[in-house]
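In what comes next, chain A is part of two complexes: it sits with chain B in the first one and with chain C in the second one.
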Partner chain A sequence: MEKTEKKNSLAKLKGMHELSLIIIILVFGVILSIASPLFMTWTNIRTVLSGMSTDGLMTIGMAVVLISGGLDLSVGSVMCLSMVLGAQVLLAGGNPFMACLVILVFVAAFGWLQGMMITKLNLTHFIVTLCTMGMARGLVLGLTGGRSLSLLARLEDYPWFKIVGQGLVFDFLPMQLIIFLIVAVAMDFLTRKSSPMRLVFYTGSNEKAARYSGIRVDRVKIAACMFCSICAGLAGIIYMVKFSGCPVTAGTGAEMTAISSCVIGGCSMNGGKGTIFGAVLGLTLMSMVTNAMNLLSVPSTWQQFITYSILLVAVVFDVISQMRSKKKAA
Partner chain B sequence: MADVLLQLRGISKSFGNNQVLKNVNFDLKAGEVHSVIGENGAGKSTMMNIIYGLLKADSGEIYIEGKKADIKDCQDAQHQGIGFVHQEIALCPEMTVAQNVFMSKINGMRTASIDYKKLNEEAQKIMDSIVEGIDASRLVEHLSISNQQVVEIARALSENCKILILDEPTASLSESETEALFAIMRRLKERGIGIIYISHRLSEIFEQCDRVTVLRDGEMINTYAVKEVEAKQLVNDMAGREISNLYPPKLEENNGEVLLKVTDLADVEGRFRDISFELRAGEILGFSGLVGSGRTEIMETIVNLHRKKSGTVVYDNEELGGGKTSDIYSKGLVYMSEDRKNLGLFLDMDVEKNVASMHRDVFRRGKKSVLIEAARESDAARHAIALLNIKCMGKTHRVGDLSGGNQQKVMVTKLFTKTPKVVIMDEPTRGVDVGAKSEIHTYLRWLANQGMGIIIVSSELNEIIGMCDRVLVMREGEICAQATGDDINSNYIMNYASGAYLLEKQAEEE
Partner chain C sequence: MRKVSRRDFLKGTAAGAGIAAMGLLAGCSTGTDAGAAGGGASAASGLTGAADELYTLNCPNNGIDYWHPVYAGFKELGKLLGVKTSYTGSVEYEISKQVESFNQDLAKKPKGICLHPITAEAFQGPIADAVAAGVCVSTFAADAPDSARIGYVTSDNTKEGTQAAITIGDAIGGKGGIMTTCNPGQTNHDIRVDVFRAQIKERYPDVEMLDNTPTNQDADAAYQAVMTCAQKNPQLAAVFCPEATSAQGAATAAKELGTGIKVMCCDTNDAVLDMLKTGDFLAAIAPDQYMQGWMSMWLLFCAAHPELMNPMSAKKATGKNPTYIPYLDNGLDVVTAETADYYYMANYIKNAGYSSIEDMLSDGNP
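And now, the complex of A and B:
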């Protein structure tokens, strides 16, 4: 009996999407460290990791929305807009607490509004978030007049707040990375084990059946939207402190990075499938690719093409391996 | 002897190590209806897919009209005169009848423009040859399910079809629609078309078929002329064992307390009105009636999936106002939908998560905890698999990969992870084979004997007659009759369900 159980867990690990991703990342890492001596230095790795934390928070939020059967194109713009609002509060003399409070309340309300439109008006995630993406970015430009805001002077007054985006714990671990990892680990655990996250899976897998099982799917979908926007807001706080201000282009294309990472990490665009761990691994792979191109001095004009080619290859590879395992099962 | 249209000789097929067809022989004559029966997973679908070119046999030969045939794919099968009407309707709802009928022809056309007028006329001809009164230029989505099925048949016939495969065509039809389909089948027979007919309903086979072939575990057990065989023989052949009683014995008398009392219930859309009934502990109450008579809507309204307009529902001496569906479920009044693929199951998920999907509070670590106790879930799944003998590779088997009957069993078990008091089951055994059906029926009767109240909604008269202690007959959104004891028979029920009693009344008055 015990033996079969053991066998099962081994088979489960083998079948897990995450394992193949880890192997790919390791192999890629080895190749990279041979190709470029700079890769395996702590400075480089730290740069990659801290670069990941804002995108990572949005990836976590995106994973939850994707699992619920939705999509959120607005994360990058919402992050930028929340930064602008937070910066305005600071510039107007508010303290960091007030700024963070304003940001979090705003993004929660923003997510709620998106969710309400999606559920009560029966609009698709794509349409609603496409519009809100444009609107949020437009508001950024309108409110700032297209000029980036600088918080350099203001942040000098609050050195403790600067730690959030610029500090190092024990002089080597970036604080932002720790914040991201805490959220990631907590959400991964909750995704696997908690009842509310299970509701998100049921809703994404088959919304109607979920309703017939007594799940209030509207609430679940709204909550998923809110969670995703809140993640964007958290990323905004870190980003704002990290750059001591807010560039009006902050978060451009972040939604694509987040979606790509989730898909590479095993989330289904049809909902009901995915893990936070997988999505984070997907983002790791994406970040490594970008880093590799920088280290190997690939011209920046070609980087986008290469990144998305790799995304396509990853997705095709995944589909083929899934077909194979299905054939085996049959 | 009539011409032999189709012969299968020594057909075998395996998927991996799993041999699903073993040396099957079969033949179909012109102008006959030949039924193929067997439990879920007996190999019927595989056999039909081989005939239709969707699968390749590992060994064996197929002859069409005496000539050895090599069927490459389904388009090739259509050219060779084979038509297949699948169990589930696969039409394009936003297109017209004619466009659907000639789908494969349009697909083969290499012209830039299509003469839709001509297409409509030709489609109309084919439609009229089957049944009058369906306009070929109408959109398919505006047709009833049974008329959509006629379109499917027309599509199969559009390519000079000689061999027609019907896979459980009556599964989603009401009694009267079924009658209409049988009339069509008789007409096709006269035209010399051979029909392979797959169904789980034995009564249909005895009414409509000429011969019947029984498959069990991929082997051909026997072929009988329908006139020379008894139902019991077929059931035993299919099951490979004696099934002595198709239905468990009924209750002698019932003095249980009233568990559910519905008074003057009506819904907002007006699909039913003035619904009043009681359900007692230990009783199995049947809801019969034609498809669309409002039965499903009543049940969905009772558990608050739809809003009611007026009336009261009293469960366990407590009125259920506008409560949440999940609260009603956790109080012990549960409902199982008739539509397992869309409303009942999470096909992408495994058995375990499906079993745990209804009473989610049972699986929490504590009342206030948000975490799930994994061990409790796997116990429930294992228990469910053992209880109804679900054939799967364990609790992590993806439900979408199970056969229809086993999917149905998974859906049934999810109601019972927490002991309910009142169970409402809409089509409890849809698409399930004889063996599994009797397992589900026996389980339901056992539950009733434990003191539960059970409501069965079913389009299958035999199920209603065999299972229920009391039957309410629905017609056009109202309860028009109640049957108990010896009145529970097909004549009595159909008389009311079809509205024939109204005609009699009229005749008397005149």
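And now, the complex of A and C:
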């Protein structure tokens, strides 16, 4: 009986799409540890993990949208816009609660509007989010006059709020990392176990079939868009507090990091496939590669080429191992 | 004693310069129109342009705040000279979009265009077309050296890198390690970093040059780069960033590490200025953008009014415009805690008498 259970667990583990990615990350980690003894130190790991928090939140939102069969190019701009709105509330004398409330209400409404345009006007995610990406970035410039905002003095009035982006729990664990992990674990659990997330999968894998089977596809798609924007808003709150201000260029290119992480982690661009765990692993691999560049002092002009070459090798390895396991299963 | 604002001071200076120049020119014969750019200025007299004379300032990514003080200087001198000014360019940092906006400027038949070209090569043709149409073109902050532009006004990136090296080198007592961040491919940033590293090596032989990490103007990337570098190199004593956004991340990391790492950058933003005042930042280098715009306007006006000059050269006789200034350095400032207040955009807008940034960037009318 115990043996059968063990065999089942092993089979389950082998069947996990993420397994190959975990192996790649471990192998890469071992190589890095040999190449640089600093890699496995807690300070370095903490730096990498805390750096992943804002990108990680956006990656989680992106994974849900991708699973629903969509795409969101506006996450980075929405993150920046949410920061600017929150900062302006604070600078106008509001407190952090008001700032966070404004951010979350705004991003939810923003996501809702995107979802409505996609579902009710039958526009593609690509065109809608491409436009909203530009609109959000334009609003950032319009609201700030192109000038980065500083919250250094304002945050001094609310030391408890600073904890969100700068605090350490038990003096070693960054608060931003804990927020990210809570969202990641909760969403991964929901993705695997909850019925609402099943609806997202059904919608993403075959929208027509989902509609015929009585799923309110439009609602699902709108909710996915809203969730993605809310994740970007959360990332904005952390970023704003971490750096005590809002650079107007914040979040530039963040959509590509999020999409790449999701795809490396097994999310399908055609929808209906993917996990939050996989997406987070994808982001972990990307962050490790960036960390490796810094640790190994790779010349700056070659870093981009080497980073994307490593990622391509990882994706190819992942695809080959998936194909092999499918063949074996057949 | 009444406090003289910068705007009043500049008005006075320009008026004084104008009177002096007119006095000098009074005894000169009127210049021929040969080579005069922009055609005749029927209502122009002395150092006052015609009321319909238009000069535009064209830059890419025109929502970015760096350009705004440039236009403020451009517009203010334009007003003093009695001409119209307009802030144009492309929203994106994309060459075809900027060329399109340049051509749209040309369609307005301006007397002059002050241009920040993304790339020199792409603008050779459009500048030649502009000059053929009688429009003077000058460049600022980035150049198109092989084109027909009449002048180039810029802060000197080499001097900025050198000044940063001296400031940081002295601040750390010529010892320890320094890392830099970079944005490969952005020429002005590349020059600042390359010069900085070379100058440190030359002037402070005991200083060890550490990583040069590409952060691409991302505060988070800079934060991680500094954290990693400090771990690898406990001797890390200072960080130099060629722009302010990365510096914001670098300073956050330096503060968190608490080992006294000094951070310095080129350009400023409000967060950097606040950190300067709280002592979390060593210094910042600010190119004098206002003077960049002011001097650009002056060059264009001179080029559009060759009749004002009687140079001791063959230019007039050979039909060439006497105004040709291949390079004009608008200078730089080292911003410290004591001077930081002068560099807040909000303070500047208020002191200059504008109601908002939109007001400052609006068309200038005589």
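The rule is short, and it goes like this: the second predicted complex is superposed on the first by the 300 of 330 C-alpha atoms of A that agree within 3 Å, B and C clash if a C-alpha of one lies under 4 Å from a C-alpha of the other, contacts with A are read in each partner's own complex, and residues count from 1 in each chain.
What we mean here is this: a contact is a pair of C-beta atoms (placed from the backbone, for glycine too) under 8 Å apart; a residue touches a chain by one contact, two chains touch by 3 or more.
Remember, it's a predicted structure, so these values are computed and weren't measured experimentally.
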So, after the overlay on chain A, do chain B and chain C clash or fit? They fit
In the overlay, answer first, second, both or neither for which of chain B and chain C A:Thr54 touches. second
Per residue count on chain A, the busier partner among chain B and chain C is C
Note to self: Contact-wise, after the overlay, does A:Ser82 reach chain B, chain C, both or neither (first, second, both, neither)?
What the structure shows: neither
Worksheet item: Who does A:Tyr212 touch here: chain B (first), chain C (second), both, or neither?
Response: first
Classify the contacts of A:Gly245 with the two partner chains as first (chain B alone), second (chain C alone), both, or neither. second
After fitting on chain A, the minimum C-alpha spacing between chain B and chain C in angstrom comes out at 31
Note: overlapping chain A surface for chain B and chain C spans none
Chain C contacts chain A in the complex at 63-68, 91, 182, 184, 210-214, 216-221, 223-225, 227-229, 231-232, 244-245, 248-249, 252, 256, 269-271, 273-275, 278, 345, 356-358
Interface with chain A, chain B side, in the complex: residues 15-16, 305, 324-330, 335, 337, 342-349, 353, 357-358, 360, 363-364, 370-372, 374, 393-394, 396, 401, 414
Interface with chain C, chain A side, in the complex: residues 36, 38, 41, 43-44, 47-48, 51, 54-55, 138, 141-142, 144-153, 166, 239, 242-245, 247-250, 252-253, 290-291, 293-295, 297, 299-301, 303-304
Residue set of chain A touching chain B in the complex reads 8, 12, 190, 193-196, 198-199, 201-202, 205-206, 208-216, 268, 272-273, 328-330
